[in-house]
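Consider the two complexes below, in which chain A is the common component and chain B and chain C are the respective partners.
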Partner chain A sequence: MTNSPIGSTLNRVDGPDKVTGAARYAGDESPTGLVHGHLVLATIGNGTIRSMDTGAARDHTGVLEIYTPDNPLPLHGVPPGVAFYFSETRRPLSDHEVRYHGQIVGLVIAETPEQARDAAALITVDYERRPANASFRDNVDDAVVPEPTPLPMGLPITILADGVPSIDAALAASPVTVTATYTHPARHHNALEPHAAVATWDGDRLTIHSTTQAPAAHAIELAQAFAVPADHVHVVNPHVGGGFGGKAFTWGPTYLAAAAARRLGRPVKVVPTREQLHTTTGHRSAAHQTVTLGSSADGTLNAIRHLSVTQAIGEDPGTRLTMKAYATENLHVSLRVTTGLNVPTTTILRAPGEETGSFAIECAMDELAIELGLDPIELRTRNHLTHTLSPDPATRLPYSNKHLIECYRLGARRFGWDTRNPAPRSTLATGGWLVGTGMAGAVLNASRAFTAVRVSFRPDGTAAVATSTADLGTGMRTVLAIMGTDSLGIPVDRIRPLIGDSRLPVGPDAVYGAQGSAATATVAPVVRDAAADAVEELINHAVTEPRSPLHGRDGVRYTAGDLTDGATTIGFGDLLTTTGGTDVGATTTSGPVTPPSYAFASHAAHFCEVRVHRLTGEIRVSRMTTVVDAGTIVNEKTARNQIVGGVVWGIGPALFESAHVEPDTGRIANANFADYLVPVNADVPDVDVVFLDHPDTNFSPLGARGLGELGTVGSAAAVANAVHHATGIRVRDLPITPEKLLTTPTGQA
Partner chain B sequence: MRPFTYASASTVEEALAGAGADSAYLAGGTTLVDLMKLEVMSPAAVLNIDTLPLRDIRHDHTGLHVGALARMSDVAAHRLVTARYPVISQALLHSASPQLRNMASIGGNVLQRTRCGYFRDPATACNKRTPGSGCAAITGYNRAHAVLGTSESCVATHPSDLAVALVALDASVLLRDRAGERAVRLADFYLLPGDTPHLENRLRPGELLAGVTVPPLSWARRSTYVKVRDRRPYEFALTSVAAAVDLRGDTIADVRLAAGGVGTKPWRLPAVEDALRSRPLRADTVKAAVTHAADDATPLSHNGFKPELLRRTIVRALLTLAGRP
Partner chain C sequence: MEDSTESEVSRRGFLARSAAVSAAVTVAGGAVPAGATTPVAAPPGAGPVEVTLRVNGGTHRLRVDPRATLLDTLRERLELTGTKKGCDRGQCGACTVHVDGRRVLSCLTLAASVPNRPVTTIEGLADGDRPHPMQQAFVDCDALQCGFCTPGQVMSAVAVVREGHTGSDEEIREFMSGNLCRCAAYPTIVAAVKQGGGR
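After this line comes the complex of A and B, so read on.
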């Protein structure tokens, strides 16, 4: 019997393929007859296309067709649903209006990508220009309450203790209050792999190699756009080079690739450039949040008011984060959204709402701790949330297996928090670097969906574990290999994980993919169920197949790859070779217990040390410790990778990341990797990650809650709190760049 | 990218003979290829000079001589450079990334084009790229742009770190054409934009930058390059300062200072140098000396911090040389 590898540090099973280049991504596919598309984007922020001169491009060598609003490609509209709220509802080329700089206004198809790109550069567009309204900040005051949707976002929530008339009254009655406004710029996913699509039609059947987080949902969205049955669309995406929410839904370039392929009767590949990705595949909304905390003198929170403004309900800090953060008798969260901005479409991005919300709340808690003269950990511990917050006390559920306080304490010990001098600007290190430390808590809702997994035995002695999810670099293949080994008792190298294909098993709602930090939590428990069913099928096969040496026997059982009745033992590979069985197994669907008697969330505590140069204000993160409470850890190596990646995704917005949107044009001035700064290796210290080991068996028998986005929640606040401790300067407008630190706390240069 | 012809030269003479009115020399390719892909530059002919014998790094009584095709990485690591001109080594190591430094040449570095995002986007107005089209940077996003030496036509910075160090050290570039070779002080080689920002330097059509000469400066052993930026590596300077000090006891006998990230060309700071000579190298004297370092600055909407950051960067560079940053 092979020992279960759950919790081990197994290397990625697809690691060698990735480092040798053997892994094939969507853009690597080049079917026979392939032609290439290059997008043409609008160079104004608002207006109407009067005409487009495509003559020179048409005459360019190799050009086959040019699609524009005058020669559009047919696409059916987006039906109401999650994609309707989180992606672009207007189809590309469907009218002559330009709503934002970088909107798709054309697609050039040519025999080679170079020809398509060169020809695209020859197209000129005559616009009737209108002033663009592209400044988020200028529109904050005019933001409106969003239209109600079927989604649990965007809705105001008010909770008041008995006899308290309003949140304002609760705050007014609080002995201590802090209030502050925190702002985030718009940001971009910038997955390393661009949104590549290679589409081939056979009659009304589409095969598309396309980078997506959710192959089955992608197939449905494409089927809707082309009005064909969903099973006529076959999505193939064995590897995905990063998603972060940007590949959760289907975007214009992919629709156009498929539409052009259908029209031309040839396979079409479209791979947007890095610059084009910034405007055609969604981005994270800017955010403007005002938080007021009211507490007693001893630090017990009495009231929290969190007023947010974003560009769309996909970024809702209050309901996504604040509702799950701290205990309070009185709470009000609300969201308003801007309207009519001439900027590209927003969508979800890693920890949507939680990331922005955690920055506001965790910085505000730091500010309150300073106001009260309390240690930030002590303040958080005093306001530990044990039950969900809800306007109806009867619906409050206890949090299952929550160990956030242990995260604080263990992290504090590892980090050396207790020796910290709490006074800001108190430590100066060699070279003129001010040293500061900060911390923050993190909470991420733990969800689990219904999904289907097929486990099957093969004559070559391997077992397939198949489900229609994706590996974005998250380690899903390795998770399936581990769970297969755990369930079947055979070595990892005999498990064949199969993912990244819309035709593999999916759950009843058929949309489940790698998103919401729930892929492992969803899929892993089902592998066990499917494996048990598959073993039952295998035993049935062994006793009913006439050629089986176990035919007709009683008491046949399965152990570690062998079947035996005590007298005769045969490995399943030999059995299937003998019987001619090819793929004996079971497809099993399972999911969470409903209605739940607990609330589920993963938690973490981040500790950060920064160095800020006393003269020139550069900020360097020098240490990070993150302690994670996410239940069972299926593979410590890939889990650590997720948390470290999440922490990097906190350092990014804290110090570097920002779309520089020109207010008058809506053009993103830094839509490239030289100017859109993300942390590079030298900006990230060796992150100390520790996992608590408290399996949450209320959540699933396996006990593994999700953690993919958890590292991103709160980590930017830990950095900002450390910067404040180092300098005495509180920067509430991200990113924190050197020029914001060229003063002393008194404002003197 | 527009179609172009491609040829390789194996001698300097061949390169000079092969250069035409609409041709571009190709060395490491780290700027030219980029700009051709963006259609910012579209030469009709590309002439590869990368294998020409211009890679020597040597030192004699007339100074340090670096061939134009020496790699940035080789110069940065060369013992002559690290020992005698640490400011050059540091400026190079603070530039680009290891991969780029392994490819990029010294000549190409000195001649690199600005990183202004409007210059690099043909859909926007840029007088440097398309004379007379206007300057989108002045009203656009201009945090990284220049505050010194700007004009109403152009506010783009010169991006080279190396050039800042070389200007501080009074280096010259050697320019060769079919008529012969001439040396031009680097500080004079670069042109201010005025109303002709497309003219960036004194290189004549077809002329080849063959090398760089740094005159002897024994006290350049006490020199440093401080580069301020958001990200630790791989970003152009918000501000940078190349500094060398001739320290006699506590007193500054002589000093060289030049700044990057603030000017439309590498910016020598003679007034600050004058204010420092014969003064003690101390925080108070240094702070007093930098007061007027950026008096001529014309800040734009997003880079108003640059004069103050420049003053602080100078202070930091000098205090670093004093061992008290």
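After this line comes the complex of A and C, so read on.
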């Protein structure tokens, strides 16, 4: 019997393919007859296309076709399901209006990438220009209450204690209040792999190698656009070069690749340039949040008011974060959204709402702690949330297996928090470096969906574990291998994880694939159920198949890859070879218990040390400790990597990341990796990650909640709080760039 | 490992050539926006050029577009798709390969500019079925997530060891900072460089 590898530190099973170049990504495909597309983008932020001169481009060697609003490609309807809310609803090239700088206005198809690219540069566009309205900040005051949608976001929520007339009254009655506004710029996923698509049609059937987090949903979205049945679209994505939400939905370049391939009758590859990705695929909304906390003198929160403005309901900090953060008798969260901005489409990005919200709330808690003269951990502990916040007390559920206080305490011990001098600007190290430490808490909703997994035994002695999700670097393949070994008792190298294909099994709730930190929590428990069903099928096969040596026997059981009745024992590979060489297995759908008796969330505590140079304002993150409460850890090695990555996804927004949108044109002036700064190796210290590993068996029998986005929640606040501690300067407008620290700290000469 | 004494170039010379190539690629590469008043015409005499590429020990005689980068030629002509295009501007490092035993950005290197010079890609690093120690170190240390930057990271890591820049974690971080990892597996990349370099 092979021991269960759950909780061990198994090497990533697709590691060897990824370090040798053997792992194939969408853009690596080059089917016979392939032609290449290059996008042409608008160079104005608002206006109408009067005409386009494509003559020189058409004459360019190798050019096959040029699609423009005057020669559009048919794309039907609007994106279905939640894609309607989180992707671009207007089909590319469907009219002559330019709504934002960098909108797709043409697609050149040529025999080679060089020909397509150069021909695209020969196209000229005559525009009727209108002034662009592209400054988020200038539109904050005019933001509006969003239209209601079926999604649980965008709606105001108010909770008031008995007899309290309003949130403002609750705040006015609070002995201590702090209020501040926190702002984020727009930001971009910038996965290293561009949104590549290689589309091939056979009649009205599409095969598309496409980088997507959700092959099944991608197939549905493409089928809608091409008015074909969903099973006529075959999405193949064995490896995905990072997603972060940016590949959860289908974007213009991919639709156009498939549309051009259909029209031309040849395979088409479209890979947008890095600059083009910034506008032709979604990005994260800018955010403007005003948080007011009211507390008693001992730090017990009495009221939280969290007013947010973003570009779309997908970025709703109050609903996503504040409702799950701290206990309070009185609470109000609301969202308003800007309208009519001439900027590209927003979408979800790693921990949408939670990341922005956690920066505001966790910084505000730091500010309140300072106001009260209380340790930030003590303030958080006093306001520990044990039940969900809800306007109707009858619907409040207890949080299941919540160990956030243990995260604080263990993290404090490992980090050395207790020796901290709480006074800001109190530590000056040699070389003129101000040293500061800060902490923050983190909460991420834990969800689990119904999905389907097929487990099948094969004549070659391997077992396939198949489901239609994707591995974006999350370690999903490794999770499936581990769960297969755990369930079937055979070594990991005999498990064949199969993902990255829209034709694999998927449950109705799980078509959106690898997102929401829910993939492992959703898929892993179902592997056990599917494995049990597959074993039953295998035993049935063994006793009913005439050629089986166990034919007609009683009491046949399965153990660690073998079938036996006590007298005869045969491995399943030999059995299936003997009986005719076909696979035997089962497809099983299962999911969470409903209605739930508990609320579920993963939690963490971050501790950060920074060094800020007192003369230059240069900021170096020198240490981080993160303690994670996410239930059972299926594979510590890949989970640790996910948390470290998440934490760095907090360092990035804290210190570097910002789209520089020119207010007058809407042009993103820094749409490249030299100017849109992301953390590099030299920016990242060793990150000390600890998993509490308390299985949450109320959540699933396996007990594993999600954690993919958890590291990102709160980590930017930990950095900002540390910067404040180092310098005495509270920066509420991200990123914290050096010039914001070249000022006199509050209260200092 | 290829002979690195042949066609040795100075770093200054390499940078100058890269800059020239970069400018050429930018002009030819559609950076001139649609709507610009002076479209760039194809330069005169820009027909295909003959070049002999020596890649991973094999020799390939090709007629290439003079605008074709080494990266696109590897990927689209030689089907060596392990080398990745993350930015096509020399800003991300995903396309890192070795030319004359030194790490170069293949997106800023024209194929026609490296005739007969030994090129090693990620596919050429292993010794038959035996992975290069750096490849094994990346697996062992989990120095990757999505894997898209990984070929470039591994090629840089091998070069960093060869360059002698593994004296400390800080030095490794600095000399690996030309290779972006958006998944941010940076701490394990540092660990892998140490293991793979025998430190």
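The rule we apply is simple: the second predicted complex is superposed on the first by the 739 of 749 C-alpha atoms of A that agree within 3 Å, B and C clash if a C-alpha of one lies under 4 Å from a C-alpha of the other, contacts with A are read in each partner's own complex, and residues count from 1 in each chain.
The rule is simple: a contact is a pair of C-beta atoms (placed from the backbone, for glycine too) under 8 Å apart; a residue touches a chain by one contact, two chains touch by 3 or more.
These figures come from a predicted structure and were not determined experimentally.
> With the two complexes superposed on chain A, say which partner A:His613 touches: chain B (first), chain C (second), both, or neither.
A:His613: touches chain B, not chain C.
> Figure out whether A:Gly645 sits in contact with chain B (first) or chain C (second), or with both, or with neither.
The second partner, chain C, only.
> Thinking of the overlay built on chain A, is A:Thr20 touched by chain B (first), by chain C (second), by both, or by neither?
second
> Could you tell me if A:Pro738 is touching chain B, chain C, both of them or neither one (first, second, both, neither)?
The answer is first: A:Pro738 touches chain B but not chain C.
> Thinking of the overlay built on chain A, is A:Val680 touched by chain B (first), by chain C (second), by both, or by neither?
Both chain B and chain C are touched by A:Val680.
> By the touch definition at the top of the document, which applies to A:Leu576: first (chain B), second (chain C), both, or neither?
Neither partner.
> Would you check which partner chain A:Gly431 touches, where first means chain B only, second means chain C only, and both and neither mean what they say?
It touches chain B, and chain C stays clear.
> Can A:Ala223 be said to touch chain B (first), chain C (second), both, or neither?
In the superposition, A:Ala223 contacts neither chain B nor chain C.
> Look at A:Asp118 in the shared chain and tell me whether it touches chain B only, chain C only, both, or neither; answer first, second, both or neither.
After superposition on chain A, A:Asp118 lies in contact with both partners, chain B and chain C.
> Which chain, chain B or chain C, is in touch with more residues of chain A?
The larger set of chain A residues in touch belongs to C.
> Where on chain A do the contacts from chain B and from chain C line up?
Shared contact residues on chain A (touching chain B in one complex, chain C in the other): 43, 114, 117-118, 121, 672, 674, 679-680, 682-683.
> In the complex formed with chain C, which residues of chain A make contact?
The touching residues are 11-12, 14-25, 27-28, 30, 38, 40-44, 52, 56, 60-61, 105-106, 112-115, 117-118, 120-127, 190-194, 239-244, 271, 273-274, 472-475, 637-638, 640-642, 644-645, 647-649, 672-674, 678-687.
> In their shared complex, at which residues does chain A touch chain B?
The contact residues of chain A facing chain B are 43, 114, 117-118, 121, 431-432, 613, 615-618, 620, 655-656, 660, 662, 664-665, 667, 669-670, 672, 674-675, 677, 679-680, 682-683, 735, 737-739, 742, 749.
> Name, in rising order, each residue of chain C that touches chain A in their complex.
Counting only chain C, the residues touching chain A are 28-37, 39-42, 65, 67-68, 72, 75-76, 79-89, 91-92, 94, 121-123, 125-126, 131, 135-136, 138-140, 142, 144-151, 154, 169-170, 172-174, 176-190.
> For the complex, which residues does chain B have touching chain A?
1-2, 39, 115, 117, 122-124, 139-141, 143, 226, 228-235, 238-239, 305, 308-309, 312-313, 315-316, 319, 325
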